[in-house]
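Each remark here refers to the structure printed beneath this line.
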Amino acid sequence: MSALDIQNIRKSYGAVETLKGIDIALQSGEFLVLLGSSGCGKSTLLNIIAGLAEATSGDIRIAGRSILGVHPKDRDIAMVFQSYALYPNLSVRRNIGFGLEMRKVPLAEREKAVAEASRLLQIEPLLDRKPSQLSGGQRQRVAIGRALVRKPQVFLFDEPLSNLDAKLRLEMRTELKRLHQILKTTVVYVTHDQIEAMTLATRIAVMKDGRIEQLGTPEEIYNQPATLYVAGFVGAPPMNMIDVEVDNGALRIVGSEVRLRLPDRFRPLLQAPVVQDKTRLALGIRPEALRLASLDQAGDQAGGHVLPVRIEVVELTGPELVATARIGPQKLTACLAPRARVGQGDVAAFAVDDDALHLFDPATGQALLA
Amino acid sequence: MSGSWMTTRAWLLMLPLLAVMISVIGWPLVDTVRLSFTDARLVGTEGSFVGLDNYARMLSGANFQRTLVTTTWFAVISVAAEMVLGVLAALLLNQQFYGRTVLRALMILPWALPTVVNATLWRLIYNPEYGALNAALTQAGLLDAYRSWLGEPNTALAALIVADCWKNFPLVALIALAALQAVPRDITAASMVDGAGPIARFRFVILPYLVGPLLVALVLRTIEAFKVFDIIWVMTRGGPANSTRTLSILVYQEAFSFQRAGSGASLALIVTLLVTVLAVAYAALVRKAAGSAS
Amino acid sequence: MLKSISRTLLGAAFVGGAFMPHAFAETSINALFMAQAAYSEADVRAMTEAFSKANPDIKVNLEFVPYEGLHDKTVLAQGSGGYDVVLFDVIWPAEYASNNVLVDVSARITEEMKKGVLPGAWTTVTYDGKSYGMPWILDTKYLFYNKEILEKAGIKSPPKTWDELAEQAKIIKDKGLLATPISWSWSQAEAAICDYTTLVSAYGGDFIKDGKPAFQSGGGLDALNYMVTSYSSGLTNPNSKEFLEEDVRKVFQNGEAAFALNWTYMYNMANDPKDSKVAGKVGVVPAPGVAGKSEVSAVNGSMGLGITTASKHPEEAWKFITFMTSQQTQNQYAKLSLPIWASSYDDPEVTKGQEELIAAAKLGLAAMYPRPTTPKYQELSTALQQAIQESLLGQAKPEDALKSAAENSGL
Amino acid sequence: MERRSLAFTIFIHAAALLLAVVILAPVLWLFVMSISPTADLSAKPLRWWPAEVDFSRYALLLSSVENSAGAAFTASLWNSLKIAGMATIAAIALAIPAGWAVSRTPQVGWSLSMVIATYMLPPVALAVPLYMGLAYFGMLNNIFGLALVYLTILAPFTTWLMKSGFDAIPREIEASAMIDGASLFQTLRIITLPLAAPVVATSALFALLLAWDEFFYALLFTSDLRAKTLTVAIADLAGGRVSDYGLIATAGVLAALPPVLIGLVMQRALISGLTSGGVKG
């Protein structure tokens, strides 16, 4: 039995369908991140789980019990909002204890729970302040504390870190990870930040246009993106997408004469009617999968390839050197070692392994094989 | 927690307001429509159905046409003057000078003064024999002999407009001032760097921020000016020679002095229709302005 | 149907406010008076106090409105049963009777009253042969003059005709004593009709003949022409077109008018040195006549007290009215308004100190000319007010203005 | 700050002075009239400052001797206070639930638009049936009746203000409270209303000022001391036999005092109320 079971959830506003059948089953203690750009339906799904919105069809079960039509307060969930939604007129102490107060938990017990949560979050000195007297990070902690004391079955987070500055975001991210490791509660977490998703999640659901593009562990999402969209969304800088043409069992980079041998694992494709000669495909290569190689090795190598490129822009970010290059007319970005000797205008070569090549059908956006 | 349940709850919460509004506005309005087709009198007779007679009589009467012209003059001039004076005052109050805070606070004075008190005050000021205006103007040598400000048709309406403006332009000024303060400093600074002079700056940088709030103020003030009753009732009762009789005064006369509830109702509805047409036209204007601003 | 539904709705909304304190130990009646001309507010309050002393079980709540509001208030209050006793002008019984505002009190009037009260006063409260109250204020407009100014101008006696008035005013103007010697109350209000009626009576005009307006020619037109001439010749204070009776009094008291047409009450007020600069110099005569047509002229400006049909305490109301109109009360307060009782005019207690006024009253009251008796008086009056003002302001010729007034009079 | 030439600075100060005179002169004159002896007020040339300051009229108007002019005035003062107070409380009581409902449930917003559209109705269009209705229920010349009628003016306005006030309170806070287990009533009482308190105060002030200022309905629906309001009392005073302009002025000063004080003290709240409407339309 799953801790949270989302079954074929649909939601439409009039003729517009914002959720087109979502299915997710979560085990207890899982940290699910709903990842997507704004308008993909991830917040709507979260609100449906919380009971703040109603699904048009489908079912949601928490610990086996359907919660459709159940009032939010009776769903055994807690939610942390993007704006924190702290009660501005109540003290931090009362904010944290509010859920217990409403459930008529005796004062002593309440005090104990508040103390415990505030110790865990290191906000004990702030208990008697009003939210307006807190910094952004402190407010965030209070909001989390308010969810914590309730000890719910499921935690819901709606972009909780997006209002923080970069440094605090990093800090709170670690904090959340730590808390999850301690508490082991089931979490559903909405964000558009792929780093947050990668670092926090046990599983990620990448959403687009009301559908789940891919549901999998961070490793799967990163290493085996199921669609062009996922491949482009996860990873920074994003995966290079190169137009290639199938040419006599090899891949020719469109606009140039550079040809790559088709790696063995894609061979079966040629047998099927899926890929024929002259079929256009998208070749995906992550920037971090590219290494600097010497130009005279250009061509197919054992288990890999060396591509001749012309360097256009070189940017040192600190830990790495980001080189934007051209191969024929097409653009290729590589994350190189910071000391790589390469300069603007250089003619150079990038090496890549067979394993790091991804192929997509540009018409459907689906990955070919895996 | 279903959507329809939330809507039901919202209606329940609206219910008290709607119930009261229907009983004190909705029902009377419907009844006014009914009355307007009868020859009912205020006291006594219930009246019988007379069709559109009342409307025909009221619309064709010279009284109505003249009153409509008077009302329009009053509304157009007083509202226009309030807008211009209001914006000028706001521009002034947005400058730095000694006593600015105090002056800003004082701007609320005329607005807070009850309309009837304002009207009474100005009637005393305009008094032909002992009024302060005559005294001040003659003592300053601007006037040879005392004048009957509210007794001459060509000055009575103007005198009313001055009194109305004095009370209402500070409100426009306060609204405009709030809008001025919302103009980002960056933008005025940028325009100065770009070499815009004060007039170009007002036209292209400041005015766009004022247009929205001013249009709203314009709509509200125009509707109010068309409905004007209190100030005229207290100051002139429509005289001299009916030169300041506005639509509301005419309706009062018809429905209450002459007790012809039926034709009074028809006249009231004609006024309502006029104001509605005006408001709808303005609303379109506001929407257009909002559209072009964004 | 709609009406009953809406009443229920309205009723539901009203439930919250349906209780109001109505707990008076004694009977309480409400009376509406005016705060303009005739008896002063203080006088009315004093009379009422005397009544309350004599009738401790009846409490009288007094309400004062300007004359301009008296008619509308009376009619509007009918819906609430607000007033038991109302003061009404001579011009309203027709309308009040046909709209059932006032109670017919013919049966309550005693023989003694019938005999004692001046016959002219009875016309004030009578319509169609029935009495709708007791006359209370017996009043007409007199010509007041400033004795000092006339003396300075070398004028021996006040004018007997309206033409003489113009001549004397011209002398005063020419001698530079006053720029505009005559003051009237020609504001767009009933007051202007009273001045006009006085002149109509002088010129022998008619308001209505055979149910049709008749003021647009003959005496009615002459009267308006006189007003316009007096105004445009500069003999009349041009602010008159904005004046009510109180403004006329103020101007006259300040010594800024040689002549003024006004009600009885001005005599004693203008003679009061506390407020007036012309105390002791006030002369009063009946309004002048027109050679060959009349000796004096006068408008019936009397008013009565009546019981409204909405009153729940008609007995107490009548008690109050009889007290207010009794000869004793009226003699006691005969300064601002003269009694309705014939014998009072020979009572030294009444005449003492105001012999001049009484002498003028004897002539004036006998000549009182009525304003038209019609249920549509308000419309007629409104139309006439407009005609008078338009003529004065030169917006229309008097004959044209009166013609359109006749058309708009509702008759 | 922009640098200004001396001439411009002088111009600004002169204009400010002019504006101050325009605003203040009539109000000050009202006060001067109220403390000037009667003779001064009908003197030619007019005396601009009383030879002898005379506050007696204030005592006269505020006296409570039975059946005196003062009693009439104070009664109307009380009536105005009671009517404005009741109408304000009722308007706020209606506006809070309705404003909240519209703010949180836009589907019902059109009904508020209709309520607000009634602003365009001239009072004369409702006066006759209201008069007849009030008469039918015996509520003419009654402070409850008049307060009820005042809701026609106050309720749409306060609801509109309350709605924009609630709009400014994040819905997430209420959602949060709901998840925390608070009922609607608890949420409104503990969370929303305390946050909306400034708007409630502003709305109430506006409602008070509007009710205090009303004249037309009061003129029609009240006839005597039991319900007559201050505005009607002043109009009567000014239209009747009060030869003492100072007394009229005194009544004016007394009637203007409450709203003017509210206006000066609560200036900021009032302007924010005005502009929130203005900016958001």
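Residue numbering begins at 1 within each chain, and the chains themselves are lettered A, B, C and D in the order written.
Keep in mind that, in the parts below, a contact is a pair of C-beta atoms (placed from the backbone, for glycine too) under 8 Å apart; a residue touches a chain by one contact, two chains touch by 3 or more.
As the structure is a prediction and not an experimental result, all values here were calculated from the model.
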item: Distance in touch steps, counted as few as possible, from chain A out to chain D; value: 1
item: Taking each chain's C-alpha mean as its centre, the one farthest from chain D; value: A
item: Separation of chain C from chain D, taking each centre as the mean of its C-alpha atoms, in whole Å; value: 37
item: CA centroid of chain A to CA centroid of chain B, Å; value: 58
item: Rounded Å distance between chain A and chain C, as computed from the means of their C-alpha atoms; value: 92
item: Sequence positions of chain D contacting 2 or more other chains; value: 42, 44, 90, 131-133, 148, 220, 239
item: Sequence positions of chain C contacting 2 or more other chains; value: 6, 10, 13, 68, 76, 78-79, 250, 254
item: Residues of chain B whose C-beta touches two or more other chains; value: 20, 24, 27, 31, 42, 129-130, 256
item: For the chain B and chain C complex, residues of the former touching the latter; value: 19-20, 22-24, 27, 30-31, 34, 41-44, 63, 128-130, 145-146, 148, 150-153, 236-242, 253, 256-259
item: Chain D-facing residues of chain C, complex; value: 6-7, 10-11, 13-14, 16-18, 20, 30, 32, 34-37, 40-41, 45, 48-49, 61-69, 73, 76-83, 246, 249-250, 254, 275
item: Chain B-facing residues of chain D, complex; value: 1-2, 9, 12-13, 15-16, 19-20, 22-24, 26-27, 29-30, 33, 41-42, 44-46, 90, 93-95, 97-98, 100-102, 104-105, 107-108, 111-112, 115, 117-133, 148-149, 151-152, 155-156, 159, 184, 209, 212-213, 215-216, 219-220, 230-232, 234-235, 238-239, 245, 248-249, 252, 255-256, 259-260, 262-264, 267, 270-272, 274-275, 277-279, 281
item: Of chain A, residues touching chain D in the complex; value: 50-52, 71-73, 75, 77-79, 81-83, 85-90, 98-99, 102-103, 146, 150
item: Partner chain C, residues of chain D touching it in the complex; value: 38, 42, 44, 67-69, 72, 90, 131-145, 147-148, 220-221, 223-226, 228, 236, 239-243
